[in-house]
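Each of the next two complexes has chain A plus one more chain, namely chain B in the first and chain C in the second.
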Partner chain A sequence: MKDTLVNVENLTRIFDVSKPWLNRVIEREEKKLLLAVNGVSLEIRRGETFALVGESGSGKSTIAKMIVGLLSASQGKIDFDGIDLFQPGGAEMRALRQRYQMIFQDPFASLNPRWRVNKIIAEPLRKFDMESSESARHKRVEELLELVGMSAKDGVKFPHEFSGGQRQRIAIARALSSNPEFIVCDEPTSALDVSVQAQILNLMRDLQDELGLTYLFISHDLSVVRHMANRIGVLYLGRLVEVADGKELFRNPRHPYTKMLLNAIPDLDMTGREVARPDGEIPNPINPPSGCTFHPRCPIATEYCKREIPSARNSEAGSVACFEATGD
Partner chain B sequence: MSMNKETDEKMSVIARVLDSDIWYSFTRSKVTMVAALVTFLIFASALFAPIISPHDPFDLASLSLMDSLLPPAWNAEGDPNYLLGTDDQGRDVLSTILYGSRISLAVGLVSVAFAAVLGITLGLVAGYMGGRVDAIIMRVADVQLSFPAILIALLIDGTVNALVGGMDRERSAFTVLVISIGLSFWVQYARTVRSSTLVERNKEYVQAARLIGLHPFLIMLRHVLPNVMGPVLVIATINLALAVITEATLSFLGVGIPGTQPSLGTMIRTGNDFLFSGEWWITFFPGAMLAALVLAVNLLGDWLRDALNPKLR
Partner chain C sequence: MSDTLLGVKDLVVEFSTRRGILTAVDKVSFDLERGEVLGLVGESGAGKSITGSAIVGLIDPPGRIAAGTVHLAGQRIDNLPSEKMRRIRGDKIGMVFQDPLTSLNPLYTVAKQLVQTILTHKDISKKQARDRAIELLDKVGIPAADLRIDDYPHQFSGGMRQRVVIALALCADPELIIADEPTTALDVSVQSQIVGVLKKMCSEHGASVILITHDMGVIAEAADRVAVLYSGRMAEIGPVRDVIKHPQHPYTKGLMGSIPTITQEGDRLTQIPGSMPRLTDRPPGCAFAPRCEMAMDVCRQNHPEEKDVGTARVACHLMRKEGAVA
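After this line comes the complex of A and B, so read on.
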């Protein structure tokens, strides 16, 4: 049952957001550090969709970028299929790179506007020397285009000739071209029309079934996550506050922040449920609150929460980082 | 693309050009066609100057001071031998324009190419690498910007003369001009390319290329460069005109092309001295030539910028 593909341990990323050196000296200011991701540990199992949710500024995208190597981590460790991502060099890294891919948020920025679609999709193939000849590569590109529900003839066009949904399909085709096992999806539908979102999500699920992919799915949209995720991790200010199975999290949220988020989902079923607006805003990560960072917004916070930082408590259903949360 | 590979091979190169998007947009714009024609005529006449020009203005033996300052041929005092009149040395203005545009164009093209290659490379590296590399390159650019082209040219010219001994003045003049104009123009390219690179490098298509482990050099060359070239093309066309004018200034100061082989700029400057005494033709005709060249090249550059932008196709 426990077949871990990606294991993240104590991942931390600190950004230096201080002013230039000269300004600091003249204005007598300290260095300002932003703790974007703070000691996050999680594991992603083979074949599942692990979703990371959280408000903007909670560190979702930073985690995604560290996992695929676009950002370096300040601390911590990432294992991909048992191999330490921060250690290997040369040929091993090259082999690893072929095994993970990323789908980006903005389909209007993720495709080089000067390249034809053929060339865009074939780029990973070229880089990893995957097809023997130019015609074999071309054939593979045509297959990929058809796999994501486009016409093989679309390859000769430029990205600007397509709509947002079609572009995202092209981006998916590119991500699939190196036959990866693991795909990081950084809000893949948030830039799309609601009607198109469902098409892209269904395509991604079909591809997962067909190719046995593992997804790390990042989103701020809980209704999208509900549709996609097997397991969900809730981020708050760079900390993972709750991890639980998808259905369990929606049925029985334990962390007060998760409860707050779930209460804010618009009630489309007209059950008459009261939709509570979340109180307050996410605090400034440069100067986070003491103790549990959620305590200023928490309805059940005690004096103890203001002093001590809760660590994750594991249980049957998942883990939760809260002193007061009960299993119900 | 391979679908019509067989037909592609049957089509000649000319047929493929006639079939392309760029040719189509070219035929749709009358202004562009006129500009291209003018540019072509100027380049061709410069190239074939020894064949088509009636006199050889560089052959000092054939010049006669008796023929100096003659007005154009249609004037009552004009000489039909000298269609556009003669200058103060008795040189045929028409021939000198043809020969002079040769030198002007050569200096302009080579120095713009030199400045562009230098500026684009440094701008790309500065913008993409960021951090300390960026800081060093851009501070050098700032320092560079505070020196006018003339000062750089004087410095280089002095150094070269000291090294070569002033004997090969005529041969070294061209190189000195190209290097000094190129060195004073590269900053503009570097700054433009750097700022566009800063925007492009954070776009997700560059991240996608980084993700698969593409070498930074290849990312700059294949992904970033084609997307930052638009403004560069426009600067290059404007700079071609500027380079010709800078060359004229330098030549006037005696740092550039020697007066025995005048360029367009040298002619305008010489003619300028005679403007108030009524000999307008010495400066007017080379000036008209320069204006026509600059305008035509600029119009071509504008069209090229639009034609190469896939979003406007």
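After this line comes the complex of A and C, so read on.
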């Protein structure tokens, strides 16, 4: 398809969490493997915001890191604009890297405390040899600072002189400096206060409209996702259980896990909607349940669900990985 | 006796630093009735946790309570010597902290921690204390409590650990529970379970709760009344429903507008420009004035008094003006 920017197929990541070799031999233990991401396939279309939601340990951040190349995949394939990300090396890869960037969760950890903001934002420019002269780079940094709603004079300061929200703006400016088409945002607002979160979310939407960006937006907060995303993928224990259009997912959730998550959202409009308390917790991913990993918490699970792993069924509204889920 | 359990009046908490004295909590007053759940909300640095710590007397130097009083069931507790205060903590006031892993001792089993706490406050035998601990764990929703009681904290998941902490806080049947961000470290699905447990336990034990959080969703679900703090001062206090649906203070209005909700249509969130001032450079007058769209001259000069507006109490000059004109 023409409008697909990122295509992920059967992406899998296994972490080896075994004890050291000698301990294993002495204690006669097997290797322990953690299947953090298990056969995830998704496509992100140009210009949209695709959101991944899930609880901790569901593999959201692992997927993000694999897409930007911070982690290697154990299996699977990622295409960026038709080019296989695991194939090329050297110069071709460098050219490709310019086109996607990442914004991290914690703006206190993602900015080098010893560098001035100017240097932080200009780093991608230097690495990718994008502006020829120092003065051109400087000018570009000033533009970027103003683009994210800061003053050009802020460039000479150090990160510790800024509040969390301002730091996240700096991180966004850095991500934008190489003119990327695609930005992976890993919980960009979860370290921020609500009033600041609103500023950053609005800024991200404005930038998307202005620069035609495509976002992969990762969050555990369904209300934020509802606000930001065109399409939403719900993860549970490393598997994508449902993908649907943003509005459709909230109006007509099909997977029982999605339903459970939606029911647990606090009722801020005070409509008197009954907030249902979900049962159980995410199981240990080292020993996931057999069959559909959600079956111990699922209200409609059958014997069949305990044995067989459901694969994603595609329909017009999206895809859902559940035997029992009704179509519409 | 009235039904008031806790009375906090003009509480001021100061920290002396090299750059002068910082007023982290500035003349905060509120009452808490028996059996009531009061939410304390605010952004980071608004003074919500400090207020909670001040009530239980856990402010460490260089911080100190500089003025104001705290009364618990008619007894003044803010000026008690530390030994006496120690008896009140745990006995009359229980605390639940944000991170369940750091509030449990990793070297002791859950049984040991619970039994020890119960024995400190109650005059019963070890066997009875253990039975009571199992009963408490069972009540907070830990499956197979009689088997799991001998586990160590690391053998529990995050949500289960927080349940243990709640059980620990309830050991001595306290009259007041202060829960400081009890759900912040937890996943969404577990978060709503914990709010449920907290609510249920408190109504069963008849305890009052101060629920400190930055999450309006948790407040909406659990609290009866809510107090909104901004830069160490009370901005608005009132019944949850009224404050959420019809906020009066411009800050509360902005705060409510900036929370994305699932029913909301439209593209942009209301945003409050800027961020909360640092305590070192809090402006004279109303602390919110620099970010407030409706700020008048008087707002920049004088700190507003708290005024009764309907069911709520609001600290804003706009309120006085409207009231005076009408």
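The rule is simple: the second predicted complex is superposed on the first by the 325 of 328 C-alpha atoms of A that agree within 3 Å, B and C clash if a C-alpha of one lies under 4 Å from a C-alpha of the other, contacts with A are read in each partner's own complex, and residues count from 1 in each chain.
Heads up, the rule we're going with is that a residue touches a chain if its C-beta (ideal position, glycine included) is under 8 Å from a C-beta of that chain, and two chains touch if they have at least 3 such contacts.
Not measured: the values here are computed from a predicted model.
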- Considering only touches as defined above, state whether A:Arg97 meets chain B (first), chain C (second), both or neither. first
Which superposed partner A:Ile170 touches (first chain B, second chain C, both, neither): neither
Query: Does the superposition put A:Arg226 against chain B (first), chain C (second), both, or neither?
result: second
Tell me the contact category for A:Val196 with respect to chain B and chain C: first, second, both or neither. second
Query: Thinking of the overlay built on chain A, is A:Phe250 touched by chain B (first), by chain C (second), by both, or by neither?
result: second
Exercise for review: Look at A:Glu281 in the shared chain and tell me whether it touches chain B only, chain C only, both, or neither; answer first, second, both or neither.
Suggested key: second
Which of the two partners, first being chain B and second being chain C, lies in contact with A:Met260: first, second, both, or neither? second
On chain A, the footprints of chain B and chain C overlap at residues none
Chain C partner, complex, touching residues on chain A are 55-56, 163-166, 193-199, 201-202, 205, 220-224, 226-227, 250, 260-262, 264-270, 275, 277-278, 281-282
In their shared complex, chain A is touched by residues of chain C numbered 43-44, 157-160, 187-193, 196, 214-218, 220-221, 241, 244-245, 254-255, 257-264, 267-273, 275-276
Seen from chain B, its contact residues with chain A in the complex are 1-3, 203-205, 207-214, 223, 226-227, 310-311
Residue set of chain A touching chain B in the complex reads 68-70, 93-94, 97-98, 101-102, 104-106, 109-114, 116, 118, 120, 123-124, 127-128, 135, 138, 153, 155-156, 158, 160, 171, 174, 178
